[in-house]
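Each of the next two complexes has subunit A plus one other chain: subunit B in the first, subunit C in the second.
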Partner chain A sequence: MSSLAPVLEPLTILIAEDSAADLLLLSTIIRRQGHQVLTATNGAQAVELFTRERPQLVLMDALMPVMDGFEAARRIKQLAGEALVPIIFLTSLRESEALAQCLDAGGDDFLPKPYNQLILAAKINAMDRLRRLQATVLQQRDQIARHHDYLLHEQRAAKAVFDKVAHSGCINAAPNIRYLQSPYALFNGDLLLAAYTPSGDMHVLLGDFTGHGLPAAVGAMPLAEVFYGMTAKGYGLAQTLREMNAKLKRILPVDMFCCATLLCLSAQRRVVEVWNGGMPEGYVHEVATGKRTPLVSRHLPLGVLSAQAFDDGTEVWPMALGDRVFLLSDGVLDTADANDQLFGAERLQQVFAANREPDRLFEDIERALAAFRGQARDDVSMVEITLQAGQPLRAAEPVYADSGQSCPLDWSVSFEFRAQTLKSYNPLPYLLQLLLEIHGLRGQSGALYSVMAELYSNALEHGVLELDSRLKRDAQGFADYYRQRNERLGQLNSGYVRVHVQVVPTATGGKMTLRIEDRGPGFDVEQVLARPMDVDRLSGRGLSLVRQLSSDVRWSDGGRSVCVEFCWGALA
Partner chain B sequence: MAEIHLDPDVLSGLQEVMEGEYPKLLDTFLDDSQKRVEALRKARDDAKALGRIAHSFKGSSGNLGAVRLAELCRRLEDGSAQLTRVDLDELVDEIDQEFALVRPLYEHERQRFQL
Partner chain C sequence: MSVVSEVSLDGKKLTITVKGRFDFGSHQAFRDAYERFYKVPEVYVVDLKDTTYMDSSALGMLLLLRDHAGGDNAEVQVINSNSDVRKILAISNFDKLFDLS
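What follows is the complex of A and B.
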């Protein structure tokens, strides 16, 4: 006995044998090898004992009264389920048919008589190794399954949170947005956001983070927060982009960044302002002519460059009502067929060219992708925004906690913004926040912001930069206008825009007077205001808008100074 | 092979394995074998039963070193399906005689451990 390898862990072994002498001999050998022994003298007893005691290994005589070893083996294997309970048949059956019968019944090995205790110990050890291996495999399989479930659960929870974030804007509410996003596109890093500015313009972001899965999706949260927060406060694209870039640069690892297109669509001004960093070309589709202007990527993605190196330069394109902007993620162009051929921009152009009904463009693209590849990818995002008139002016989104009892009602303040500031700073969100301290103005925040934005940009562009609004007569001149604007702003080293705010209480509520002055050549107010409102002309729209929205507008000092009034009644 | 009735090496191996249980093993074997010999005699008409009893008897006699007895049982088990009634009868008789021969040998071995 001492020559045998020591047993690592004692097993409980069931022996089923109808020959009393053999049973005594075998159980003595096994007990002396360090195991616990259970004995049965027929198959039925063996099954009953197995059910009760769950031994780890079974030694089974083939021929026994009441129930033979084959039937008992079958039942024990069934009871054991997925766990491996090795069954060693005690037999010197020599016919192959009988041996096959043992294996069919679930036998794992044979032990011939007369017994050899060395071989018996070796077989028990070998079977025990198999048994442990199977147990480990099962345990790991269950562990993997649990982890998998856990991951799926986490992903579902994360998706629910992300969906709330991504859809908290106007992406689903706006009647002029159509989009198509595969259900788990977010987990492939695709992000689509849309929200209204206080003046009723619409900001849209289509982003594509590097990588896949949760790591690609986490950056979506801070990006969405910046997007919604700054859009609601009235920040323009440039400042929003700078903030997004700085935030992503700060929080993302170096190999992660976000390709993005950011748009500002203004139905009032009939323009779209675009910044594209690393996304495929989108298009402005002029419905009247069928012309498609590509929105080319001119920048590195968000989160790559330092704040100093980042370029927030945008392009502005005129749009008529009904014109469409189409954006897409690279999942569309990079859809590959069976031979790894990419769908590509050329095939997309063919779909555009063949498209007869603009409203069915997505379906046409999807059909083309399906025909090309045969199955959908999970990172396909497309969005199309139509320029529609009459976007309602929104009251400021944030909910105010104060009751209005302590709001300031008798004060004035003046600002002078000089050249260095005019170059890079947009004071409008700050001014809007200041004015919204006045409870009575909050209901008109959209109109207030629109008027301020219009008067400020008039003062800056026509007053300080001396740009001629008549340039914007056609699409070419429009592009020239914005090119010149950027050039002159870059070189600016003198000039100012002054903003004076005066708030006084009245018998029924209050009145806010806003005066904006510039040091420019001025303009002939009478002549400009006398021009008819002409939808085909891209200039002159701003002043009539201002006249519609404010209680009173007056120009003075040859058009260099403009004064508007907003009044409000008693608060409920 | 046929000349060896009881293998002394098997017995000493068993004694080493069984230690204090060795006499009990011998008792059990003798008792068990007696029953099987009687069962064989009763089953002369039933070839299937003969085969089954011979199979078990072959196993235990093999384990206990009764070499010729195990060999006779093997011939009975193997032949139970094909052999004639006369041949089977002859084999049962031979087994009977062989057990009668080895039985005193085992009893003698058992005597060594009396008290």
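What follows is the complex of A and C.
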């Protein structure tokens, strides 16, 4: 027996054979090889035994009474399902047709009579190897399927959590935003966020993390938190960008970063402020002239540079009501055709040029991409925001949980912000937080913030920096104005803006007086206020806005000091 | 895709050449190209003359190399890029971190 191939593991083997002598002979051989034996004398008995005992391998005589081996093999294969139960036909048949029939019926091999022990043992071992292989394959397939289900489940759960964060803004509620994104764009690293500032401006972020899947999605969460938190508190783009960059730099590995375009659209001021780090060019579309101004990437993506090296410089473009800003992810431009040619910016320009109905721009682009490639990519993100008048001023977010019993009602405070501070620090969010300690003012936080922002930037730009708002009469002057603003701010080494806040209780509720002073040349209040409000003019909106929103506005000291009042009634 | 690295005779310059697509598939090979030298060269050169395509994970790999080479003090040159690759480097403003001659 030493010449036989070693048995790996004893099997239970079913032998179906109608000749008692052959059955006895075969059983003896198989037992001696170390296996357990079940015996049947016809096909029906074999099927019945198989059902009950589930042997791992079957030796089947072809010709038997009651049910022949072919039929029994078919039934056993059916019962075995996906598991491989090898069936070796025992046959004295010699014609190739008959031997082929054994395999057609589901047999895996055949063994001619009379039996050769050596060949029999080797065949049993070979079949056992196949059986194990099949079992392993099935096991791995099931494991992969389980993992896949698990992964999908995880992604769904992660997306549900993320949607709560990401869509807490106004991306779906704002009537002037249209966007197109695959539902699982998050797992492609694409991120689209939008929210209102306290003064009713809109901040929009389109971002694209390096990589795919969960790693790309993980960074999106803190980015969204910073975006919404700081936008709601009234921080400008520069501070929000600094915070996002610092946060991503801290948490992401070196080779991960986030390309992003961040916008601030102000219907009130008719401008869009833009920062683009690593995203493809977006466009400001002047509807009246058809002109498209590219929003060029001027910066490294977020999360690459240290806080010291980070550049938060933005560009400002004038916009008329009805003008649109269009942003896109690189999935649009990088869509490749069969020859690895990229769709590219020029083809996109052609779509723009051919576009007749602005509202159907996305569809036109999608059609062009489909025609180019024949198949859509799932990481195409596009967003278009139209400048619309009358964005409502927002009440403060987040919602406060305290009861109102501890509200301070009789106090005053004064600040003086000097040159070094004015250069880089925006005190408005801090002041707003302070004033919103007064419960009676919370309902007016939007108006309050808008008025403060207007008066502060007047004091800074006209008072301290001595910029002339008449520069902003056309688009070129507008760009000059903001260029000069940045230059002068960079060189600033004297001057101040003072802010005085006084809060007093009144018979019906309370009153807050806000006084803002600068040490500039002042201005002729009578003359400026007498100028007609001209809708097409790019300057002069600020003061009329302030007069609309606060109960009382007074200038003194030749325009260098301005005082506004906000009143509130007793809280219910 | 293939990544080949070569050290200059004086051992001061390591040149890494990437052929074909430079994307996530090159990740391990690209890291191996500079990590297996125990001696730290003074200059790293990434030669993209046969690079047909580059994605954002390749940009990430360049950042890894820069970090390995000393971060802000690193001297990493990215040379011979074709116009498509140059566009990708330009959009991300990588000229602020790398010598893109």
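One rule holds in what follows: the second predicted complex is superposed on the first by the 566 of 572 C-alpha atoms of A that agree within 3 Å, B and C clash if a C-alpha of one lies under 4 Å from a C-alpha of the other, contacts with A are read in each partner's own complex, and residues count from 1 in each chain.
Assume a contact is a pair of C-beta atoms (placed from the backbone, for glycine too) under 8 Å apart; a residue touches a chain by one contact, two chains touch by 3 or more.
Keep in mind it's a predicted model, so treat the numbers as computed, not measured.
Colleague: Do subunit B and subunit C fit side by side on subunit A after the overlay, or clash?
Modeller: Overlaying the two structures gives subunit B and subunit C room side by side.
Colleague: So, A:409: does it touch subunit B (first), subunit C (second), both, or neither?
Modeller: neither
Colleague: In the superposed arrangement, does A:214 touch subunit B (first), subunit C (second), both or neither?
Modeller: A:214: touches no partner chain.
Colleague: After lining up the shared chain so the two structures overlap, which partner does A:567 touch, if you call subunit B first and subunit C second: first, second, both or neither?
Modeller: neither
Colleague: Once the shared chain is lined up, is A:66 touching subunit B (first), subunit C (second), both, or neither of them?
Modeller: neither
Colleague: Now for A:254: first (subunit B), second (subunit C), both, or neither, which partner does it touch?
Modeller: After superposing on A, A:254 lies in contact with subunit C but is clear of subunit B.
Colleague: Between the C-alpha centres of subunit B and subunit C, what angle is subtended at subunit A's, in steps of 10°?
Modeller: Rounded to the nearest ten degrees, it is 80.
Colleague: Looking at A:114 after the superposition, I want to know if it touches subunit B, subunit C, both of them or none. Which is it: first, second, both, neither?
Modeller: Touch status of A:114: first partner only.
Colleague: With the two complexes superposed on chain A, say which partner A:138 touches: subunit B (first), subunit C (second), both, or neither.
Modeller: neither
Colleague: Is A:22 in contact with subunit B, with subunit C, with both, or with neither (first, second, both, neither)?
Modeller: After superposition on chain A, A:22 lies in contact with subunit B alone.
Colleague: Enter the shortest inter-chain Cα distance between subunit B and subunit C once the structures share a common frame, rounded to whole Å.
Modeller: Minimum over all C-alpha pairs: 60 Å.
Colleague: Jot down the residues of subunit A that show up as touching in both complexes, subunit B in one and subunit C in the other.
Modeller: The overlap between the subunit B and subunit C interfaces on subunit A is empty, containing no residue.
Colleague: Could you please specify the touching residues of subunit A with respect to subunit C in the complex?
Modeller: Counting only subunit A, the residues touching subunit C are 208, 210-211, 254-257, 259, 277-280, 297-301, 304, 306, 309, 330, 334, 340, 342.
Colleague: What part of subunit A is in contact with subunit B in the complex they form?
Modeller: Where subunit A meets subunit B, its residues are 1, 18-22, 24-25, 28-29, 32, 61, 63, 90-92, 113-115, 117.
Colleague: For subunit B, which residues are in contact with subunit A within the complex?
Modeller: Per the stated touch rule, the residues are 10, 14, 17-18, 21, 24-25, 28-29, 31-33, 52, 55-56, 58-60, 62-65.
Colleague: Enumerate the contact residues on subunit C facing subunit A in the complex.
Modeller: Checking each residue of subunit C against subunit A gives 24, 52-53, 55-57, 59-61, 63-64, 67, 72, 84, 90-94, 96-97.
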